[in-house]
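You will see two complexes here that share chain A, one where it goes with chain B and one where it goes with chain C.
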Partner chain A sequence: MRRVPPILLLFVLVPLLVEGFWVFWPALQGFWLALTNWDGVSAPRFVGLGNFSRMIDDPVFHTAVTNTAIWLVLFGGLSAAGGLGLAVLLQKERRGVGAYRAALFVPVVFSLVATSLIWQVLYQPGGIFDSSPLADPDTALYAVLVPALWRQVGYVMVLYLAGLKGIDPGLYEAATLDGATAWQKFTHVTWPQLRSVNSVVLSVIVIDSLRSFDVVWSMTRGGPYHSSELLSTYMYATAFQSLKLGYASALAVVIFVLAFGVIVTYLVRAFREN
Partner chain B sequence: MDRRHFLRVTAAAGAGLLVSGTASCATSASSGPVAQTAGTATIQSNLSAPAAKAAIEALVKAFNDRRGAQVSVNTVASETFRTQLPSYLTSANPPDLFTWYPGSLLKGYEEKGLLLDVSDVWQTMGDYPQAFKTLSGKVFVPTTYYWWGFFYRKSNFARWGVTPPKTWQEFVALCQTLQGKGVVPLGMGAGADSPWTASSWFDYFNIRINGAPFHRELLAGKQRFDDPKVKAIFTPWREVLPYTDPNGTAIGFQEATTAMLQGRTGMLLTGAFFADAAPKDAIDDIDFFRFPIIDPKVPLAEEGPTDGFFASARSPHVKELKEFLTYAATAEGQEVYLKASSGTVLPTHPGAKDTGTPLVQKGRAHLKEAAEITQFFNRDSSDALQPTADAALVKFLQQPDQLDSILATWQKAAEQVWSA
Partner chain C sequence: MSNRVFHAVAGTISVLWLLPIVAVLVTAVRSFDDIAANGLAAFPQSFTLAGFGDAWTNGGASAMWNSVLVTVPTVFLSLALSSAAAYALSRFEIPGRRTIILLMLAGNLLPPQILLVPVSKLAELLGIYDTLIALIVVQVGFGLGFYTFVLQGFMRAMPNEVQEAATIDGAGPVQIFWRIVLPMTRPALAALAALAFTWIFNDLLWAITVLRSSSVMPVTPALLALQGQYVSNWNVIAAGSVIAAVPTVAVFLRFQRHFISGLAVGAVK
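After this line comes the complex of A and B, so read on.
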């Protein structure tokens, strides 16, 4: 076996140390804080799993979990479907297609807070709607979902466009010679060839939906009366408005477990198939 | 540069980053006493609105021009300030002075020994009213305060042929008249970014009907939100809901202000600070009246939120910061501040001249007549309790029939805050 040159070891170890100190160590502390009651000033008080058992009776936590699930399904599903649809539609090079792609990608460039401000104005009572959908607890979550999707679809589209470019055109020629219809080409050539992109898209979507925060916070702050609360906004409000950092850390652990769980399950499956 | 040299340089830079990272962290983790060093004391300020920022900068400039101790001001967004305050106070090298308000949060920090005792500054503030002393304890120096009321445009009231009401009956009659003229009588801006404004209505109904002492006890957790006495205050509130802007929970505080200034709504229950954002030509046309008396037997109470400064117990610039606080508490310092501000706040120094506009003079008299001063929901309780009020009150505005369940939920949420 060839000896690893020390300079390369250094290149691995130094970033690992930096990462360990600035990322892993605080993350581990987060797990510890989840087992305590802490106001950010006094010493944390150990309460075991008290924070987690408290979630069971916390109605706002239940709303936040339900909303996060709705968000994951709608935000994830619609942006994946929309992104793929647009990518397939816009993959062929023809005149002006670049302008369409750019137009769909532009929302990704905007800061989400700026995006929310624009949409807030659109939603204002007396504008498109007589009364603001953001103020109605039945519609608030969906009203926030639309701008989030508006942005995410462009992003997913670019990922899929890159994936589509990587497919060997020979496969399509062969399929055409075999008399495949457009739909057959999609299901038997395009979709299987996109498998590696799909795992990227899935990870991106799961992570993005669980960390969706800015758009909700700047548009509704989880309101009216917690109806658009996500786990992320509830965690923030618990930590920095109510100053219950222990409970907030426990919420963060829940978010982590959800994100990690979904992604690991998928990756394990994907590796097994390979 | 050859490849080997490049690698060596980058590796060194990486190691340097690591070392400096560890070093800076070691400093912030140490909590020992900090050596007293001469120099400039820093004020961490959350006054980020243009007029208020200009005012504190003018105050600092006037102070520094005296050629005594020197201070500098560091303005941060108020949301950042609020969330970072615990970190500021527990860091080994904190800012020296902070803009803030008295209340339960400050008391909590005081009990934990994080705040500097500024009793000797209070020695120079002999002519301050007792109310400010009680409010501030040993750790706070109040500099300005303001008032709340129903603000309206004089020209609009004249055009509609109406006059400010005194009693609850007159108030309801006024709402009826305005609605008959096609105007939305009562503005409200309890939408997305300012649901807390609904708490002003709650505060006023409670201090008008149950009185200020009960109100304080309720907010301190010594009474219950599902108490029949609390439930009772929603009866008159429900009476005026039909006159309240139906978009009141959809629009924010700024839009509600604009709606009132443009005459789309008749009046708005708000603090005098709203004038910060009002156009100059509108300010002379603005007047206000007291939240109507509901039960004449209840001693008159008004909301008069007070602002000022406190200092960190770990500050190495005690001498400088006390000199600044002493100056900020003088009539001179407060006049400098007011002159540069939008001019609708009042000086806490009894001898300081306010900006002298009729509105401000009326505001000063308005608070002087009150037997009791409350601060505002979050100041009399805590910032942690405020979100529970926001959820409850916005829900009440939208679904007043759910009152019983709203109050039960509110009590439960409040107990969680108090027990934390």
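After this line comes the complex of A and C, so read on.
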């Protein structure tokens, strides 16, 4: 650490200005637009909290909120549980374990659009199913969830594998000497030692759940009859298809508010580590 | 767990996991007539690369080129800007450095939805809407916070002595950055480059927010168009998704170690 040569201020200022111009400035505009009615052509009209009170009577908004909650619980919960289970299964270095890890990880590098096309092929009538589960409002959301999970589980597994690697093997040896069963080792050694990884995983899955867009958009566009609509897809359709830019911005603010707690927790942790 | 049980369990799960990929690869090399006559689930009666040809010539090739034109500059600019910022923020007492680092990271954690409408309007205002430049700059701006955060952590862990020795030898801060710090940051840069490549190559949301014409669409949004164009031509759609997955799978296989360590270190996306 030393005194700051002036050129280094540029090193910071240029990136900061780029991010400021394309992220912070638009974000502020987004919050402002949430308080307006705007078709994108004429000037935005200030309506205060009108957009938010409109949500109360908007049935599609209700569906989107419910589906986003279901998504959070199932996508988040199952990918965390699956990722942890697989990481525990594959944690020990032994023959062939690299190949198993790679197999589970491959889908992570596919785009969600490619992933959803892969599953759309599988879902076609005449394949596994007689009629596509994407076409039925009762099953569409879950049919979209499966490919999303297929891709996310490997990712969470990698996070947990890194966490498990950091556990002192001596703890397991001590537990073995004490005659602990495999389950006792998991609950008394593994789980408590994974605390920090757990909080990372929690942030990742909440942020990822709220961001989930691609997979739903490419498989169903939120349909049929909004049955697989998430807040993110509803926001996009409201903005760029219905051209209700003010209402769409208000929906984005709702997503922001839901993500806010997690973002702050994440930043606090980053701050401590810094 | 005994070895035999372990391999039975892990093997079954792995095969199940790869099954969708195998099914799509098989579908991609079947002919349209075979699928139409025998159904998707039937044992393949044909082998042809026609699906790949159709997907490639009907937009695939130009979309792949657009993806290259977006991904390469975006990865390069992101890492150049963020390593400069990370160097200054980690090795010098910039006033308010902690706040700056966290502010930048916070920008990356924002749900992109809050930015979509203003960003598309901003691009229109600047006259770059529907051009690849818009897609590049917005993705650089949005990613910077994360890359800067990871890189400054990495650079801070470097020993002070190296920098001091170079200073005594008369090297200026820019030379130290270029000749000493950047080369030492290589592993982190490689990990971030591999990650950034897949994120940018796989992006859909920013592309459909600032682009409109099919002629400028990169691979990921172009796949959606292909799906609309070839309704129920499952061999073409399967071939298209295989083509779209090849570059990221190649990067993953080539940089596997970097890739995984990057994911584990960062863990924001």
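Following the convention adopted for this analysis, the second predicted complex is superposed on the first by the 243 of 274 C-alpha atoms of A that agree within 3 Å, B and C clash if a C-alpha of one lies under 4 Å from a C-alpha of the other, contacts with A are read in each partner's own complex, and residues count from 1 in each chain.
The working rule: a residue touches a chain if its C-beta (ideal position, glycine included) is under 8 Å from a C-beta of that chain, and two chains touch if they have at least 3 such contacts.
On a predicted model such as this, the values are computed, not experimentally measured, just so you know.
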Check whether A:Thr36 is in contact with chain B, with chain C, with both or with neither, and answer first, second, both or neither.
-> neither
Contacts of A:Gln120 with chain B and chain C, given as first, second, both or neither = both
Chain C versus chain B, contacts on chain A by residue = C
Between chain B (first) and chain C (second), which, if any, makes contact with A:Ile7: first, second, both or neither?
-> both
Which of chain B and chain C A:Arg94 touches, first, second, both or neither = second
Pick one for A:Tyr225: touches chain B only (first), chain C only (second), both, or neither.
-> first
Pick one for A:Pro59: touches chain B only (first), chain C only (second), both, or neither.
-> first
Chain B versus chain C as contact partner of A:Phe24, first or second or both or neither | second
Looking at the overlay, what does A:Ser79 touch: chain B (first), chain C (second), both, or neither?
-> neither
Touched partner set for A:Asn198, first chain B, second chain C, both or neither | neither
Intersection of chain A residues contacting chain B with those contacting chain C?
-> 7, 11, 14-15, 18, 21-22, 40, 120, 124, 126, 240
Any idea which chain A residues touch chain B in the complex?
-> 7, 10-11, 14-15, 17-18, 21-22, 37, 39-42, 59-60, 120, 124-126, 131-132, 134-135, 137, 219-221, 223-226, 237, 240-244, 247
Given the complex with chain A, which residues does chain B contribute to the contact?
-> 7, 11, 14-15, 17-18, 21-22, 25, 82-83, 86-87, 89-90, 108-109, 112, 114, 191-193, 195, 246-247, 249-251, 255, 383-384, 386-387, 390-392, 394-395, 398, 409, 413, 417, 420
For chain C, which residues count as touching chain A in their complex?
-> 3, 6-7, 9-11, 13-15, 17-18, 20-21, 23-24, 27, 39-41, 81-82, 84-85, 87-89, 91-94, 98, 100-102, 104-122, 137-138, 140-142, 144-145, 148-149, 153, 172-174, 177, 198, 201-205, 208-209, 219-221, 223-224, 227, 232, 234, 237-238, 240-241, 244-245, 248-249, 251-252, 256, 259-260, 263-264, 267-269
Residues of chain A touching chain C in the complex | 1-5, 7-9, 11-12, 14-16, 18-19, 21-27, 29-31, 33, 40, 86, 89-90, 94, 96-97, 99-100, 102-107, 109-114, 117-122, 124, 126-128, 150, 154-155, 158-159, 161-162, 200, 203-204, 207-208, 210-211, 213-214, 217-218, 231-232, 235-236, 239-240, 245, 248-249, 251-253, 255-256, 259, 263, 266-267, 270-271, 273-274
